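These are the structures in question, set out in turn.
Next, two complexes with chain A in common: one pairs it with chain B, the other with chain C.
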Partner chain A sequence: MHMHKLERLWLMIGSGALILFLLVIGVNAFAMGHTPPSDSEILDPTQVDLTAPFDDPGLKKIGENEYELVLVAQAFTFQSNDEIKIPEGATVHFKVTSKDVVHGFQIPKTNVNMMITPGHINTITHTFDEAGQFLILCNEYCGVGHQAMGVPLEVIK
Partner chain B sequence: MKNELVVDRHDAKLSMAHLYIAFAAVLLGGIAGLLQTLVRSGTIQLPAGIGYYQLLTAHGILLALVFTTYFIIGFFYAGMSRTMGKFYDQPYRMGWLGYIVMTIGTALTTVMVLLNEGTVLYTFYAPLKASPWFYIGLTLFIVGTWLAGGAMCHQYYIWKKVTHKKISPLFSFMAVMTMVLWFVATIGVAASVIFQFIPWSFGWVDEINILLSRTLFWYFGHPLVYFWLLPAYVCWYVIIPEIIGGKIFSDSLARLSFVLFLLFSIPVGFHHQLLESGISPFWKYLQVVLTFMVIVPSLMTAFSLFATFEIAGRKKGAKGLFGWFRALPWKDARFFAPMVGMLIFIPAGAGGIINASNQMNQIVHNTLWVTGHFHLTVASSVALTFFGIAYWLIPHLTGRVLTGRMHQIANLQTILWAIGMFFMSGAMHTVGLLGAPRRTAYTTYQDHPDALGWIPYEVTMAVGGSILFIAILLLMYIITDLAFFAPKGKEDFPIGEVAEAAEKTPVILENWRLWLGIATVLILVAYTVPVIHMIEHAPPGSPGYKFW
Partner chain C sequence: MGVLEEKKETVRKVVTTKEGPNLKGTMIAVMLLGGFIVLSWFSVYWLYMVRL
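Up next, the complex of A and B:
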């Protein structure tokens, strides 16, 4: 099939740009470890309260300025036994599941954003370099109280 | 040159029957949309126990499904009748049957939403559980569209047999290709609704596999957006060249781009599920790569269109590098509305590339940015093109004319739409980057400083939404006038001709077995392993919840 000379040039530049984009996100994902949250652990969604570590959700120190924050998403809150206060500069591993419907898990001003599907665990890690007020919110419609589903997260000096 | 051909009177009725419902849906969906922007910005509270999410469900179903699908099918019947001749008896009857089944389904689902039995949004993610009749309505709607697609394919088949032609008219080829894309895509959502949702919502089974249901939905959900877009491309490729006094740049490349859409718009659903558990990063990335392939036919389309514009402008004597741009018929509503749609598609498409960019999706996923994105793509590029089609199609079908005064009012409509969308979608994109979630009613999260900072943007969204609603009222005036009151006469059904210099179209482009075969292989490559994994390694299923 004949293609106009300029059209060939246009498609070559366009496709070249696409390949470049794909290489950048591919290298960033697989060589630099920035793949999107894709945890493969599963559990019984009706037994969340009896399944470790979700039987005791909250903040646990696991290393030098390193924490695991286990949360149970449910309509319409994120359940935690501790207030969520994190020291400045700490790295936090979020580990979340849902005990009812699908929820979202997002912290504005950070790259923390993942889906919480019942029966699955999802994980994401973030280092809080600056002190301040943050907000964990649900960004997937989960029912009539969806807009109330948010809990504060404080990073303290 | 004037086109003397007129769509057959019976086919015109069938087409108009679809267009009436399409535009009624625009009005109702528009009212819901206006109220949503007012609620979200904290301007009003809904009376009489109407829920924000109930309105949101109605808005999504009426505009994203009812308006688009009815319009597309009505447009295709008219265009096929115009380019292939009157519908044969069997496909014609099947067309009406499809219309009836679709409409029963639409009515059933709408009633369930009004009764607050289906407030699950138009994506109906499990385990939120609506009334079984909500899902049955959706099933009937889909079955109705299958009958419509069947009618078009049958018409195409008989036409080829009767005429012994190897290459069909470009419009009809594109219409059939779009419906074939729709068949392949809807298999996913139909399987999910029939085998998962309906038995579960009736209580015949207790549990549902969440991840599988979401995967089947998005197997359908992404080609759905191409089902909206391709009819707009039909207008841009086939109709616009005739309106501006130009020629179709290349028949073969136009067909090739539609073939590429069939191949690459389906095995890409994971880019809507990038942040989900249970799907490995490898398969997500593979589908991201395939997603980027689908950008190539859009680049081809952009080139062809602007080549057509430039050639037409220069033929009229336009000088200089960009003189042809000024020479375009900007005052012609049939051109202006789709052209503004095309121009909006440039930033809209760029936004889409950002959304699909694997880990970059994390910044924008489920924020208002996404809502802003598809209000540029489907609600501007596609919608404005559809309005631009309606401006000549409705008078053509009803035996009336689009008067000079109506051209002006229609152009005002387009300008209002662009301004309203600039404010609404612009604010959505910006506040989305700040983290404001989509699909969320008015909230400050107990006066959290982050959320309080979003309010001015939400007010801007309401301002844009109000301008858009005025544009919708204007649209209703135009459509009503064109359907019932405009002066009697004959409005052209513009169908472009292929440029003399263009090459003969290769027959291979109409080899359906070949293209469907390749599409199937791509789908199997992209989905087989991850789907087997999600069935074999499934957690115990979920019971249903009614949290509204």
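Up next, the complex of A and C:
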């Protein structure tokens, strides 16, 4: 097929870049488990307080250096029955739902950044390699108290 | 009257090959944009990897 040589070159570079991008994130997702946060599990948003594990939100150790942190988002806090203190190097599985509106869930300086949608169980996993004080912030406008919605998370040595 | 003479004129067509559009400038512009896109992509990817 006849095409201008520059057009051919442009097509090759363009599709080459696309294939490279897709390969990189494909390997990341399928081989290394770096996937987006999940919201596939559903629950009744009016029954959150009665549905496990959200009837007792908090930090639970589930393995050697592995924790599950269950939180309930509602205007304007992330409810937990425990102080969030985790040892350095621990892996935390966040499990969050909302009782009212859509909230955000972000821990700055990490890749933890997801939406908390009522009717869904939103999950993400992160390994805290460095000790320090972190903040779980709401980054989705949820009402008059949105700017104050955040809870501390401490990673201790 | 006179016989109408058909005049046949052979008109010789001069065939000229038209030059295609000059795409060098377009290519440079598009490659600069592509470079910016690739640079942005890897910058964000690096940020992601560093925050893991």
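Just so we're on the same page, the second predicted complex is superposed on the first by the 153 of 157 C-alpha atoms of A that agree within 3 Å, B and C clash if a C-alpha of one lies under 4 Å from a C-alpha of the other, contacts with A are read in each partner's own complex, and residues count from 1 in each chain.
One rule holds for everything that comes next: a residue touches a chain if its C-beta (ideal position, glycine included) is under 8 Å from a C-beta of that chain, and two chains touch if they have at least 3 such contacts.
Treat the numbers as computed from the prediction; the structure is a model and nothing was measured.
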Touched partner set for A:N81, first chain B, second chain C, both or neither: neither
Touching partner for A:H146 - first (chain B), second (chain C), both, neither: first
Which partner, chain B or chain C, touches more chain A residues: B
First, second, both or neither for A:N122, with chain B first and chain C second: first
Touched partner set for A:N111, first chain B, second chain C, both or neither: both
Chain B versus chain C as contact partner of A:G14, first or second or both or neither: both
Partner chain(s) touched by A:H4 [first = chain B, second = chain C, both, neither]: both
Touching both chain C and chain B, counted on chain A across the two superposed complexes: 4, 6-7, 10, 14, 21, 34, 109, 111
Complex contact set, residues of chain A against chain C: 4, 6-7, 9-10, 13-14, 17, 21, 24, 34, 109-111, 127
Chain B partner contacts - residues on chain A that touch it in the complex: 1-4, 6-7, 10-11, 14-15, 18, 21-22, 25-26, 28-30, 34-46, 75, 100-102, 104, 106-109, 111-115, 117-122, 133-135, 137-148, 150, 152
Of all residues in chain B, those that touch chain A in their complex: 51-53, 56, 119, 121, 125-128, 210-211, 214, 250, 252-253, 256, 273-281, 284-285, 288-289, 292, 295-296, 299-300, 303-304, 307, 353, 357-363, 365-367, 434-443, 445-446, 448-451, 503, 506, 537-543, 545, 547-548
Of all residues in chain C, those that touch chain A in their complex: 20, 23-24, 26-27, 30-31, 34, 37-38, 41, 45, 48, 51-52
